[in-house]
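Note that chain A is present in both complexes that follow, paired respectively with chain B and with chain C.
So, the complex of A and B:
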């Protein structure tokens, strides 16, 4: 059996990169992901929006906050403003491009912080019977709250800013991550390799972070990609509710909200940011699907 | 081809998993046939393609397996390419399959009666006939209380009862061919023996053909008249059972026989020879004999270059066909060795390494005990262990032997009693690093014992850092390499992940990890029971070698009496948390037998007749504290005294047993039962007289 499977294995390499990086590298180099058409389709919008965010100043001649008084009477797309201007005469494309910068930094940062808290809480509650009831109850309370209400309460309390958006997303996402991690810990902690670590007198922290956590990398990676999409929607909703970045900074959700009043006359003002959000979310979801299907097969 | 009498005809069947260049042949060019009323056994280690073959007979290949060439005919009907309705019909009327795990074969949410009737309706009978047939079939699988059984859910029955139900289900439709895929592997030893008896009985009383698949050669030999041996997808030898069991011609069949543990006569041990060669990272070989790299007779020219064909050995035995360039013709002899070990009385030994004193572990009462009493997983167990000696703990599932291992290693705390290690009492929890490095454990399941997310080397180096004083990376790495070599593995495997190793290799790594800090005591909890016999033998050899080299004491937990006889010095037989029989291996196996030991030995030796008619499958509640624990199942029960009065300890040579029956009246092994299988054993009988 073992020798029959050997041709399928990656060749043995010498010198070892850290385990997690090596696993991801292997998952990629195993080329199953690279052979998945879904992955490429998903990557197109994600990569495009990343490029737009990075090169925003090069891609547009306009300041996102500069008002073109001349365009006020005719905000529709024209040769001067390819995607038109908004009701205040600001170039929509410039605002979208610079808005991509904020969404593509805030979303990953808030997710990373959600994962940091969620993983720590989940590991602790799955591994320790003392901590478990406290964390579980806390997560239940957080998850029972309607997310939108939570946002409104939080942001009104601490004020709208990019760092506070990160806090709000973390507070609402970390409990969900903690639950997933806890479930995986409960499954893993009765395995014999954990007993083997315990009879070596390993500390609980070592077992949690070095024995258990590496086994969760792949499912968490899938979850991360999936949550990127959700988080972008969340950030958009915050903007739409007026709880996003404080004006006049460009914010996709905020742009949709501002354009709603003019929907019937100048639909492009909110339609363009809507499409931007949708394409980015679909991209991330497709990538997540591709990663998930590869992880299932691996 | 005689269509009338052949129930199964497999012609040059080749099955592969995957497509194109990545396709792996699981079954190559296998041809065999089964006449009605005949039982053919198929043996081989895991991954040799025996289950794939069975699935192709059912036309139920999964996981991307495809038939590349050849054909399968059941009762003259080609199975491959049958329309789904015809296939359904064939499966319902002609075929029956019994899988390994009875728990997975029955629907846990439906009553047994409903599940049996569902099968019976396929036979198109009137209601009365159907009920009568169910009743009759249940009796034929020796389930007496049919009413209770029919109205039970699967979880209300024991493992053995469930497997009987599965067999009854298979018999209901009166199939022409029954496929048995490891039907007893998931069961306890004594239940296993009963099920095998049942299968043998069914075979002799019906006209059904049987294909019996197992990794256990002696087991198959008990039921089947012909045996085929498979290796890496090929049939390497097929012939009558006598032939295969006594003078196999293929080196692989011979090696399989040599590594099957057996209970030898007093003063002797079976010498187990493994055929696992784990040190080499093997390359796939296409031309040449597939067994050449493990074969001791392989010759460089023909064996490596020319693929041998399956051919008749000589004209006298056209049925015995073998796929080998240089078949062996002389009789096989059972390799035995004298028990050279230090079988002196424990009293004469130095101070014990570990003393367990009145260990008791109670689990608070739950639904399990029912009567409000705590479940006594371990009840008042005391023993001593000495450097360089192996103490085996034998028990069936639920006997508390794993709980005992967890108590000794410190993963669980005793409710009462204590453990003294190297003279000092161990605290109930929080052992020192020194004790941790002196006491290590090898687990049962090779799949779970290594962290799947970390390379073999990472785990091994961590164990070294934790269990020794070595800190410098180069010293740790050197030690890891030494350990890999000590367990006969290529150090290059340290860069691999556990999923890339075979079961035997993983278990070797686990042993290396346990020996990282030069332990004084290693606990092996069913460490070899999940492995193929060939691999099991080489792992046992390795453990013995390490023990001899380092003077380690081994606590060997097992359900297999033959393995224990070949491996251990002292033995403790545990039943429902209590030690019923203990002492030197020879004095326990060959002295007066506790009724439970007798029962286990009979099961292990598979004597022709199940001497012991017991109500073994009844889940009778334990009445802890009163009488003998084994009384309710005991075939030698004297009367009420066994149920009410705790039995006295009786000593016979260097063994102790707890029974009310006088030693002289207890059972003993009869001479003809000594050696399994019944191959020649010169001189064995002369040593049988009891002391």
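So, the complex of A and C:
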């Protein structure tokens, strides 16, 4: 794996942002990514759900929390409610559309926060021999926790809310990111361009963030894509376990949970959000697979 | 390095991880003394009684002192102060035994008596799922790796990656829709209660299938990568050039070396199953460890949450050690160096 990603780690001499952006752009436009059919197949659900999230109020006339008393006895899909209503008479499509908003904001935000902490910890532990043993051991400990158990313990301790979901994901993901970043720092830090920066008398912080970090952007982006689908699954699991967004806000995982009790009579209540999550995650994972295989070959 | 020394270092590091992790759990769940009093008196106890209990039990002592006291009770070196002080009017329980996690407010009995039967049920489900995951993952991985780049490789890899993209609760609902709602050939609840007319084995099918679908792709991918690397090596080319049948080359020559790395990954799935079962058990109402953990968490039964967390940590860390040791035994390079 590491020798295959080698070319991407080739030094960028002055890691100014434009160079990094140019490199990513070049990697995308020259690469096989745009020729990979799986990439386009994966993009379809991802783009569709993003559009649904952005234009949610235009795509449905219903308030996601409003109850239609008339629909209570007949929750099945009908002309009025295209995907039916749930056990409380709320329009399923409206809840799916507004639920897309929370999934598509909480998942990227929690990943961004994981990467922010992970990158800082990884850079520090790879670069400083003093910090390294502490951070490494701490990461080992955090990664020993089974993910769901860690989430349950954290949410038990701090309570369910959207910001606490972000905290829980960060606590469980940042150590994994830190470990990857640390490995790349150890690989890069003895190269000439880092020596050159040291000779120029640049500070440790400058070297970490402006010499080392820009050279990790592509592998980290690949990793980010791969984690996206997984994070959506885990956030959905939290919702499903009743540890996600507090009701009544629409949340796909929570909708599945509420619907399972009515599985035998009205399967659509839980089936619809299940298909929504599955299609979104499959989309993200296909995109990530395409990005990863292109990055490996580039 | 001497293998015994290496083993001892590995076990030592596992113990250290366990200690740090248990400390983190303790800090998270018991940092505030009101939390602990709530754990003993139940979530609906009044603030003043919690305050009184905190003072009686010395919960305002320094954190490290409290942690050591707690660990002492858990491993059975100390008597549980809650029991000896007679603070809970609960049935008479032993004050000192190994695995004393206290008293569950939710189930109204000692935590071990709640956790052990649940663990047994989970072990049953996890064993079935583990063999399914290992067999299916290995089979698909070997086929894909042996015929790298072929149509069968690409289609099976796609199936594996799509299967791994469907969350457990979603595949559970979809499978339930097909087999329970539409065709009515399997039970929708797996509470291991046979009075409903469904046998235990039929109740295990759906939960095990959900776990297998979610996880086999990961194993298959690892086996495939390892297999393709081996298939490209010169000794395999030599075997093929010698005129051996392709099947013989794959199963006799390649497989032995291709399974060294995946062995670790496959063993680590035991650790994954400990938490992987939570969602599945909740969907099917399976009376296992994961459901106990969730119910404890939702009702604020801190003693039970602590016990479940520590037990799952022990399982994960033990499988990590086992897979490291197994890797040392299996890998000829490591043996030679030892």
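Throughout what follows, the second predicted complex is superposed on the first by the 280 of 298 C-alpha atoms of A that agree within 3 Å, B and C clash if a C-alpha of one lies under 4 Å from a C-alpha of the other, contacts with A are read in each partner's own complex, and residues count from 1 in each chain.
One rule holds in what follows: a contact is a pair of C-beta atoms (placed from the backbone, for glycine too) under 8 Å apart; a residue touches a chain by one contact, two chains touch by 3 or more.
Note that the structure is predicted; figures quoted are calculated from it, not measured.
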For A:282, select first, second, both or neither according to whether it touches chain B, chain C, the two together, or no partner.
second
One more residue to check, A:145. First (chain B), second (chain C), both or neither?
second
In the superposed arrangement, which partner chain does A:237 touch: chain B (first), chain C (second), both, or neither?
second
Please work out whether A:35 is in contact with chain B alone, chain C alone, both, or neither, and reply first, second, both or neither.
neither
Counting residues of chain A touched by each of chain B and chain C, the higher count belongs to C
Quick check for you: in the superposed arrangement, does A:274 touch first (chain B), second (chain C), both or neither?
second
Considering only the defined contacts, which chain C positions touch chain A in the complex?
16-17, 20-21, 24-25, 28-29, 158, 161-162, 164-171, 173-174, 176-177, 180-181, 188, 271-272, 274-276, 278-279, 282-283, 290, 293-294, 297-298, 300, 302, 305, 308-309, 312-313, 316-317, 320
Which positions of chain A touch chain B when the two form their complex?
1-9, 12-14, 16, 19, 23, 191-193, 195-196, 198-202, 210-211, 214-215, 217
Sort out for me which residues of chain B touch chain A in the complex.
22, 24, 46-47, 232, 281-284, 409-411, 431-433, 436-437, 439-441, 443-445, 448-455, 457-459, 462-463, 466-467, 492, 495-496, 500-502, 505, 510, 513
Residues on chain A engaged by chain C in the complex (per definition of touch)
38, 137-138, 140-141, 144-149, 152-157, 229, 233, 236-237, 240-243, 253, 256-257, 259-260, 263-264, 267, 270-271, 274-275, 277-278, 281-282, 284-286, 289
